[in-house]
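Structure below; questions to follow.
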Amino acid sequence: MKRSIRVEFDELAKRFDLRVIFRGVSGRAEPGEVLVITGPNGSGKSTLVAMLCGLLRPTRGSIRYVDGDDGELSRDEWRSVLGVVAPSMGLYEELDAMENLRFFAKVRGVHDAESLCRDLLGRVGLDPGRKTPVGGYSTGMHQRLKIAQALLHDPPVLFLDEPGSNLDPTGQDWLEGMVLEQRERGTALVLATNDRREMEWGTRHVALSG
Amino acid sequence: MSSRGGVHRVLPWVLFVWMAVVIWAAFLWAPAASGFVGQSSRIVFFHVPTAWVATLAFLGSCIASIRYLKTRQPIDDIRAQAASALGLTFAILATITGSIFARIMWGSYWNWDPRETSITFLLLIYAAYFALRGAIADPERRAAMAAVYAILAFVTVPFLVFIVPRIYWSLHPDTIINVQGKMKMSSRMLQVLFASLAGFTGLASWLYCIEVRLERLRRARQHEELI
Amino acid sequence: MWRFLAEAAAVFVKDLRSEFRTKVALNALGLFAVTTLAAVSYTIGPYRIAEADRPFLLSALLWIVIFFAAMAGLDRSFVKEEDTHTAPLLRLSADPLVVWAGKLVFNLVLLAVLMAILVPLYIVLMGFHVSSPLALFAVLMAGGYTLGVTTTMVAAIIARAMTRGALFSVLSLPLLLPLMIFLIQGTRAAAEGSPDGVTQTLRAVISLGGVMTVVSVILFPVVWHE
Amino acid sequence: MWRFLAEAAAVFVKDLRSEFRTKVALNALGLFAVTTLAAVSYTIGPYRIAEADRPFLLSALLWIVIFFAAMAGLDRSFVKEEDTHTAPLLRLSADPLVVWAGKLVFNLVLLAVLMAILVPLYIVLMGFHVSSPLALFAVLMAGGYTLGVTTTMVAAIIARAMTRGALFSVLSLPLLLPLMIFLIQGTRAAAEGSPDGVTQTLRAVISLGGVMTVVSVILFPVVWHE
Amino acid sequence: MKRSIRVEFDELAKRFDLRVIFRGVSGRAEPGEVLVITGPNGSGKSTLVAMLCGLLRPTRGSIRYVDGDDGELSRDEWRSVLGVVAPSMGLYEELDAMENLRFFAKVRGVHDAESLCRDLLGRVGLDPGRKTPVGGYSTGMHQRLKIAQALLHDPPVLFLDEPGSNLDPTGQDWLEGMVLEQRERGTALVLATNDRREMEWGTRHVALSG
């Protein structure tokens, strides 16, 4: 069984260059639930996700990762328990799919990287043997690889920022299945999306107003 | 509060009188040192303190930078910035006074003496510091990156000031407290020099306080304009 | 410890692979170094400089070419992570010190390749007589390391700034100047075969490198996560 | 014709803007020139170079510095268009020759600004005695232009080398090398005041520049469109 | 009235490094119609679009731009009659929205660039006065700016490769309106998409098999 981790955030606010993006946003993602973040383009969904991952400092407010058994995690420990898919994050375009995954597996200290990466690529519908650098991948294939990357270490907290974008209908169905499966396995999911169908996967909601 | 304000009003006048006395003493009270061309040794009373204040300011900037990285308070960034600006200014003054000195003592304004070159690089480092600040828009990131660079800069300063001049042959006088621990100046000269050092340190602290206040106001105003 | 090394190796191998497939840094660095070297050796030639001036002048020229070549390519690895938006994922996956170590080693390898090509060529083309090659080797190693540590840190800083091209040299060169002076003195001492000069240089260079390493280890996480 | 110029100006302004986002950053360029120069003069400066060696040593150093400045700023413009995937849209929107002209002018302006700061300072700081300043000016102008044209083409090639293999940039070496040699010799001739040497150089450099311009105009669209 | 241009392609094939992506693909986009290209991720939709724009050379087959009145256009003329939105094409991240548009307007020789750009930004829902560099824009705002860029010179041929990705529901509705309006004004549209709703906008279809 994987660790059960709850992500709580309280009265978050973010300002860029004196422009307030949002303020007073609170919520939490419980293990086995999907927290959906909605709001129009530019309302701050991705900013909120980046803040929850620890990539951006909140201007105000607090974020806590709480382990069901052991209490709060330090900021340095966040890294090892979370996985992220986000449109603003790129992969290494000169490397092929396996090389990318293998790299992320190694820096995360995942064991049995080789077979795991192969397996994952198969699951997201990519060919592990293909030597094309990722720069030559189609956008949908790119998105699939990003999803594989996020699942690599089977993280107890999963952030999905527009995970279905550029996926074909089959891919979107697969994604839905993956989200359901993760929920059942006790992952805490945070999903930021513009897609009406994806919004329905949520068990909790945070709406940003823009 | 009011008594503190009172002290703040009085101090600049004390400083003013002190500096006036120092200037008078430097030109009229202290004797001209032997071994220097004419009356030129008097420039020491201004040259050495400016160099001293610059070094002090760079130290201050390094300390403020370390504090900033610990506390992340904008005020520490303002302090670091003000101290660097002050250090830069006084380093320029030391170069100018030294350069005049050099013209008299060594015959030309610039001799590629290691002191001259090392101070040039000190100037360049802190000019680079401000170039870096200018190249980062986000205030928090700017502050952090500048702080890191200020610390890196201060790491190289000892090498620049103490080791490089010892590797290259130099015309420049030894430090006052030299290897033998001997003082080479007459007691009157030393008195004036130390008075001047104290005066310049006071002057610099005063300028520093003004610059910090000014920068705070500047940032506050920027805030208002953009909102 | 083993884990740290394995992860740093992963970063290094990744950078090496990417660079090997695009060769942008290698091209920039190599093109500059080889062109200047060839042009200088052709015009200055092996025989014209007065014998007494040779050790110093040739040492100075050598280090000028190496330092400037380093300025042309060593910022690439960090700048590229930002430009291609791979940095955020790297921040979330890897320990900052692992990233630092991997990139440092990558830069050191680039420098080593550069030196391995440049220095022998330089010695031959310029007729640079080196009395104690071993001492020269030590100076090159120590100098390369310190150069690499310093530029890696500055590269991490400028990657987060907006104006990079000029800024990298502006920020690095003044910091590197004491190092350059030491190295020129040391190389000259190696060329003239004076062990004292060499040990003095090595001491200064290694202590500078040591201080820079310690400071980098402390400050890099700050730069990386900002 | 006017339209061509206006479009090329747009490319130029765009590059200038993205490279120098803030006004303060523009100072970085001046600082870059001063720092580079200081690094060189500091290392060589205190040493008294024998009078006879000065002209060619100083000429060689001067061109190393200028070439460095050219490489440091220039090679990024095309690499960045590829790295950040802005190249395709540029290909679809602009005439290839407009892109070439815009980037060339950008490079030339950068070089001109750098030279305007560098050369006078260099002459003063290094005590470089130039017998015929006018000849030096001519050599600098012609050299700057040819260097700019060549490095622009090299930069475009390096950017495409990411997909086409590194062989291309090796090909640029034979272009740069003779140019550097001519320039160093021409500057030396200007310093020594030998009109023959200068005219010879100018002829060579200008014809090289002319040939490079023609070749670029023909080849750039090919390199640019894959 | 804008020019009426028809894009025809015949028996196109594309190979990357011995891997055949597709072969024998033919079709055409008539003025006032929408040619929809469908197919799973990696089937070659974007490749086909890039080929039709002239960014990629077909391995086999031919592409013709035919002006209703004057006959065929030369390859050099394609540039001036087409506009493209594609996920693989980036904008200048250091410049703000107006600077980006102004640049593209100028290199395309558009008249009255300034007011036109302002206007367009307003239409796609961005603030022309905002000085944030585009690198700090959200993905949806980025996408909107790309669409503005493609419409700048009011091109008679418009290629839309996944134009709705990352747009919020309001944005998607606006996009639908825009496509309808362009059809009425006689633009020839080519739309490559994975989105079921967007597929329905088509009047002709090309399906790639993957």
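Observations on the structure shown:
Lettered A, B, C, D and E in written order, each chain numbered from 1.
Everything that follows uses one rule, which is that a contact is a pair of C-beta atoms (placed from the backbone, for glycine too) under 8 Å apart; a residue touches a chain by one contact, two chains touch by 3 or more.
Quantities reported herein were computed from a predicted structural model and do not represent experimental measurements.
Among the remaining chains, those touching subunit C as well as subunit D are B.
Seen from the C-alpha centroid of subunit E, the farthest chain centroid is that of B. At the far end from subunit D, in terms of centres built from Cα atoms, lies A.
Of all chain pairs, the one joined by the greatest number of contacting C-beta pairs is C-D.
Measuring from the averaged C-alpha position of subunit B to that of subunit D gives a distance of 38 Å. Chain centres here are Cα means. That of subunit A falls 38 Å from that of subunit C. With centres defined as mean CA coordinates, subunit C is found 32 Å away from subunit B. The distance from the centre of subunit A to the centre of subunit E, each centre being the mean of the chain's C-alpha atoms, comes to 30 Å. Among the residues of subunit C, those touching two or more other chains are numbered 21-22, 84, 162-163, 167, 170, 173-174, 177, 181.
Residue positions of subunit E with contacts to 2 or more other chains are 88, 94.
Multi-chain contact residues of subunit B (touching two or more other chains) are listed as 121, 124, 128, 131, 135, 137, 140, 168.
All chain pairs in contact, by the document's touch criterion: A-B, A-C, A-E, B-C, B-D, C-D, D-E. For subunit C in complex with subunit B, the residues that touch the partner chain are 150, 153-154, 157-158, 160-163, 167, 170-171, 173-175, 177-178, 181-182, 185, 200, 204, 208, 211-212, 215, 219, 222-223, 226. For subunit D in complex with subunit C, the residues that touch the partner chain are 19-22, 25, 28-29, 31-32, 35-36, 38-40, 42-44, 47, 49-50, 52-53, 56-57, 59-61, 63-64, 67-68, 71-73, 75-76, 79-80, 83-84, 154, 158-159, 161-162, 166, 169, 172-173, 176-177, 180-181, 184-185, 188.
Residues of subunit B touching subunit A in their complex: 137-138, 140, 223, 226-227. Of all the residues in subunit C, the ones that touch subunit A in their complex are 3, 6-7, 9-11, 13-14, 17-18, 21-22, 84-86, 88-95, 98.
Against subunit D, the residues of subunit B that register as touching in their complex are 110, 112-114, 117, 120-121, 124, 127-128, 130-131, 133-135, 137, 168.
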